[in-house]
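Each of the next two complexes has chain A plus one more chain, namely chain B in the first and chain C in the second.
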Partner chain A sequence: MSETMSEPTSNATPSAAAAPGRRQFLRVSGVLAASAGAAPGLLLAQPAPIKVGVLLPLTGAVAYPGQQSREGVMLAVEDINGRGGIQSLGGAKLDTLVADAQSQPQVGAAEVDKLNEAGVCAIVGPYASAIAFATTQAAARHNIACVLDQAVADQITSRGLKNVFRFGPSYEMAVRTGINNFHILNTVAGKPVKSVIVVHEESLFGTGTAATIARDLPALGYEVLEVIKHANPTRDFNNIALRIKARNPDVVMQANYLNEFALLLRTLRQQGVRPKAMYSIFGGGGSNPKVAKELGEAAEGVLDCNHWFNPRDKRGAALRARVEKKGLTFTHELLMGYNATMLLADAIERAKSIRREAIIDALAASTWADHFMPYGPTRFVNGQNQGAQPVVTQILKGDVRVVLPNTYAEAEAIFPATRG
Partner chain B sequence: MIDSALIGAALWPALVNGLTMGAIYALIALGLTLIYGVLHIINFAHGSLLMVALYAVLVLFERLGIDPYAALVVVVPGMFGIGYVLQRFVINPARHGRDENTLLVTLGLSIVIENLASHFFKTDTRQIETAYTFMMVDLAGAVISMPRLLAFAGALASCLALAVLMRSTDLGRAIRAVAREAQGARVVGIDVDHVFAMSFAIGLACLGAAACFLLPTYYVSPQVGHGFVLIAFTVVVLGGMGSFTGSLVGGLLVGVIESLGGLLLGESLGQIGVFVIFIVILLFRPAGLFGQRT
Partner chain C sequence: MHTPAPIGRTPAAADAPPAVVHLLGGTRRSIRLLGLIGMALACAPLVVRSEFHLTFMTLALYSTLLGSAWNILGGFGGQYSFGHAVFFGLGAYTGAILQVHAGLPAWTGLLAGSAIGGAAGAALGAISFRYGLRGSYFALVTLAMAEVFRIIANSVPFTGAGVGMMIELRSGPADLQFESRQGYYYFALALALVALAVSSWVRHSRFGAALAAVRDNEDAARALGIDATRIKVAATALSGSLMAAGGVFYLQYFHYIDPMLVFGPAVSVEALLGPIVGGLGTVLGPLIGAFALALVSQVATQALGQAPALSMALYGVILIVMVTFLPRGLGRLRLRRGRHA
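Presenting the complex of A and B:
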């Protein structure tokens, strides 16, 4: 658990404090009494802080996205407290208790129990679906609301748990939108793309995405030439690049994590493989500004269907600028951590209470619209925000730009990408 | 699913790729086998120390604009120094004459180093782009990137340099003497503690070289070492614990098997190939390919 959860300790020993301390104590308490008398409302007006659990994988395999999300949560808390805390509770400030799920479900569940004992009113997190299965269930036992920052697996919200809320799109929603948007891009461009190769990592995320893509694309008239699976980590992508080269697909779709995503991009470029487009759904690095910058030419034109803010709302760009000023990379994990916390704060505001039950009810009835995501007001059915949707981004001139849907686009998609 | 024409065309490039990757494995394993051969300890911090070297190359490149290959002259001596100090003042004092203590110390070190890296560099994945990242060389039909080819040459040169050092210098002779019989070496006047520290330092210098050759085609993150440490252990056991020739041959073999396995069985299943060969060799040659029976 974080330092915020530890009890305050004093280093002064009783004997050392006794002799000179007595007079000093009288003097200090006198001053305190006088000041309290002068401003009688001052101490009473400061309501107790609201304890919010932040449960994320901060170490282990998914430490990077977990830490990114934490940065987002902390920025949101900074904003909420900065504008005077929760108004309906007399300006009470949010106090975060940060817990590390260590990228392991069972650790996450154990941390929920600790957060419960510490008296949190709700929990934000825990980024990964595998961890969320365990933590949402553990939190349900204590009737604690879980506001998911990502944890996109559909099953998390289809188990009848009343305490689970996902602001962003679920996995199924994203894949459906991702395939549709791909088809739109191709149709608008005059259907230059006919064949696809899917490259995916071997866990549930990559395998599931690849299977859905391979199932749904043929119905839309595309030929899936091959589905190539790889391990985590894969140190060398030359074999795969050569296979792609031999098959010569119009498009390469990736479903893998950041490291392999970037390595394959670079290897394709080295082997002179230039597909008409690179497309991914929840792609590991397709909308990561650092990948866009560090990989340069190799990343140019890469398309990704993922969480991103509405570029027409200035607050998104402002948050991004703030993040980058701190020397951090602005990624969708950070964005979704920020949003999850803002959604929770809105619910506490409406609940006018820190009772767990009241916060769950407020979230279930939430119609939060004061955000800068391309969603509209929230409406939860079985814990899933119905209006949530991913957008398609493209790396253009070394930066991530929204290109679809048109309502939110800030640049025109280059499709087929002139990858040369 | 995999047609034979495709495999036929990709066989030679896959072989070349396997050899170039294998040379890097060999260099990493060389450090590990030297440390094992002399100190009889398994250095669990080997992967984390490789990560340290990779970050050093990254920082030199990003902050000072030093080319990864030019960084060799800084990173190799730097890692050598770190190795000497670590062994002399951390690992050796904590040993108290028991090998299992060393095991725990190196394990602890790896955790500390990884957490420090997460703190200072964040858990982000970083890569660098140099002028020659996308420079390609055609080797009789196998198109291979320039940095990979340089890595192959560099790794082989490093192995050769180490072999010369071990055979023809006083230090090499002392290391070999200590490896064989530490007590006896002490009796004839060799400063055994110094030799221990020098061996550890040379082992880490190999990592420094590997990092300089690796980063132009790879990436670095606090967890990057995990992907190499298992492979390096496999190479060391396969080649024979403590054998330099074994490390070199083992590394190249593992690289080629991994690459061909990936080609023939798919990149996911292909990784099995390495471990199947590993088990087969251990069944028939328990001491590894070039290991000596004790």
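Presenting the complex of A and C:
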């Protein structure tokens, strides 16, 4: 060590530690004095940035939606900082600390501890419910607010944790709305649909959705012909398509993720299966513009009850255009990441503080209305925004359009969809 | 400065004790070493103030438990299982079902889970070894068994099927849920020490000798009068029981399980990776392996945290390098005794 220190190096910078001479001392102290004089001015102009944790699955099984959500968070931070940061804190900028939950609950929980020590004032994330069970609990220990970007499982907000906030609809809320809206569509059209087949993936989301659909639809007068479960991932839907063909249902309802969603659509098309409608609740690809474009006619008319912005507010379309200009796909994960961050920024603004308790209180009392979701002002009960609701979208002419509820609709639903 | 002794050979100095000491050898030394490690780890929370580092150590100890469980069958017994998740999942689900459906306290789950894990191990061992399944065939059977249980857990109603199961938030040692990180740390440490003590017993007992004999040459062992099937079944039961305790720990720590999380292949891989990196068939191998892997994972994340995919790739590269250059595991690194400096 001592040898290298005394060796002259070509890129040597003046260092106070390396035996300073008198001249060097003067130079260093001069710089210090100058910077000390300038510091108060600098501090006034630039308050310390506000550290916000962004905890998402960026690798592993749910990497794609996690990365999409991160894009949304980053765009929101860009917007907040671009318009002058948090005004009530002297224009302090948001500084994101991104952590990867690797699609595993245990990694997510460990990352919460790391973010805690890095001094974050709140955490946005972690997209998947299974991860959220672990991270919200870990964050509760440190009294850190968790603003969920999705993580729709109801149990996350019903466990009595005071630090958890979900801006969007919970899973139960979405399924209830989804079934009601389906019934409305069918009733308005003169009840052409009588039978349904449900195809779902095997985890929390698909199983729960399928069970609720199978329980509630018969009460509304529909016959559920079959409930078909498939693994994640599934790469061949030929057998399932054949089963659907044999039972010939009026409607196929999907509850699965992007790849399987698209693959089943394609396989049904190949085998010439043409139900009167394809309907999904939180469907993986039902409101994905990429699926709409790439699958072309096979995706035409597909209905999905999902998170989407209010099309009558121009800011939603503007965000979408901005995302697409960057070469990304605009998806609901991105939208919800964006909104979760905006909600948090509003809470910090009103908390006038980066104290964790103050932010939790501000979120709990939040009445945020300056957003472009079809929700109205926020009102949290046990961490769930009561006004949140999904909307029904339909793929029309290769694009995703809101068709229900009428107050937000930008196009009229085609039901039954004339498929093929 | 001295020159290192050639690996795998002891210097032939007749009057001095071997200058090269096997890090993990010797009965008494092993027990003493285990005691020292246990004490050091028990004192760690007094020194480690950072909660993140404590979590890191807790998860490494949890990994040690899984690794030790696997090592009893895979390391000492030479029967490579690729489906240890089956025991892990049984433990976790037993704990969850007893708490959620029967309203029993968590510690009953730990006991019942371990018992069921042991019974499942005995059953799996009996079926496989009775029909002489060895090597890759045994590995395939265990892999299939874990998948079978994953699908069952995904289908039957009392496991919550695909929705999974969540236990209620409570806190208190009787509920095996802890407010502080220290609580979980000591819980993990206790389980890991039990697993290491069992490993140490296996390593030095008559049972362990018979198990090693079966591993090295089953036919010769049989010729010596060892009931190879019985020995292997017992090892599977022991291994399964410890693995199931790992499942209960997971449940108590993360509160939520679903079929993929506890019966999925990731658990089986986690169980076998530690001992392979640390040293197969050694008492401390799983401990060394678990901490080394956790460290490597952290280093990779720190180095390339902003590019998560790259950090995983770096982790993979380091793993390959470790296995290539230390095929016998980190625990078998030989240390030179510095007596004569």
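Keep in mind that, in the parts below, the second predicted complex is superposed on the first by the 377 of 420 C-alpha atoms of A that agree within 3 Å, B and C clash if a C-alpha of one lies under 4 Å from a C-alpha of the other, contacts with A are read in each partner's own complex, and residues count from 1 in each chain.
FYI, a contact is a pair of C-beta atoms (placed from the backbone, for glycine too) under 8 Å apart; a residue touches a chain by one contact, two chains touch by 3 or more.
Since this is a predicted model, take the numbers as computed values, not measurements.
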*Partner chain in contact with A:A109 - chain B first, chain C second, else both or neither*: second
*Return first, second, both or neither, reflecting whether A:T59 touches chain B, chain C, both chains, or no partner chain.*
both
*With the two complexes superposed on chain A, say which partner A:R141 touches: chain B (first), chain C (second), both, or neither.*
second
_Quick one: is A:R159 in contact with chain B, with chain C, with both, or with neither? Answer first, second, both or neither._
second
*asked:* One more residue to check, A:R269. First (chain B), second (chain C), both or neither?
replied: first
*Return first, second, both or neither, reflecting whether A:L204 touches chain B, chain C, both chains, or no partner chain.*
second
*asked:* Which partner chains sit in contact with A:R401 here, chain B, chain C, both or neither? Use first/second/both/neither.
replied: neither
*Contacts of A:H332 with chain B and chain C, given as first, second, both or neither*: neither
*Where does A:A130 make contact in the superposed view: on chain B (first), on chain C (second), on both, or on neither?*
second
*asked:* Per the definitions at the top, what is the overlap between the chain A residues touching chain B and those touching chain C?
replied: 59, 63, 202, 229
*Would you tell me which residues of chain A are touching chain C in their complex?*
58-59, 63, 98-100, 102, 104-106, 109-110, 113-114, 116-117, 130, 133-134, 137, 141-142, 155, 159-161, 201-204, 206-208, 211, 229, 232
*asked:* Residue numbers of chain B touching chain A in their complex, please.
replied: 1, 6, 9-10, 13-14, 17, 21, 115, 118, 122-129, 133-134, 136, 143-145, 217-219, 221-223, 226-228, 258-259, 262-263, 266-268, 271
*Complex contact set, residues of chain C against chain A*: 50-52, 54-56, 59, 154, 161-164, 166, 169, 179, 181, 250, 253-256, 258-261, 266, 301, 305-306, 308-309, 311-312
_Which stretch or stretches of chain A touch chain B in the complex?_
59, 61, 63-64, 67, 202, 226, 228-231, 233-236, 238-240, 242-243, 246-247, 258-259, 262-263, 266, 269-272, 290, 294-298, 328-329
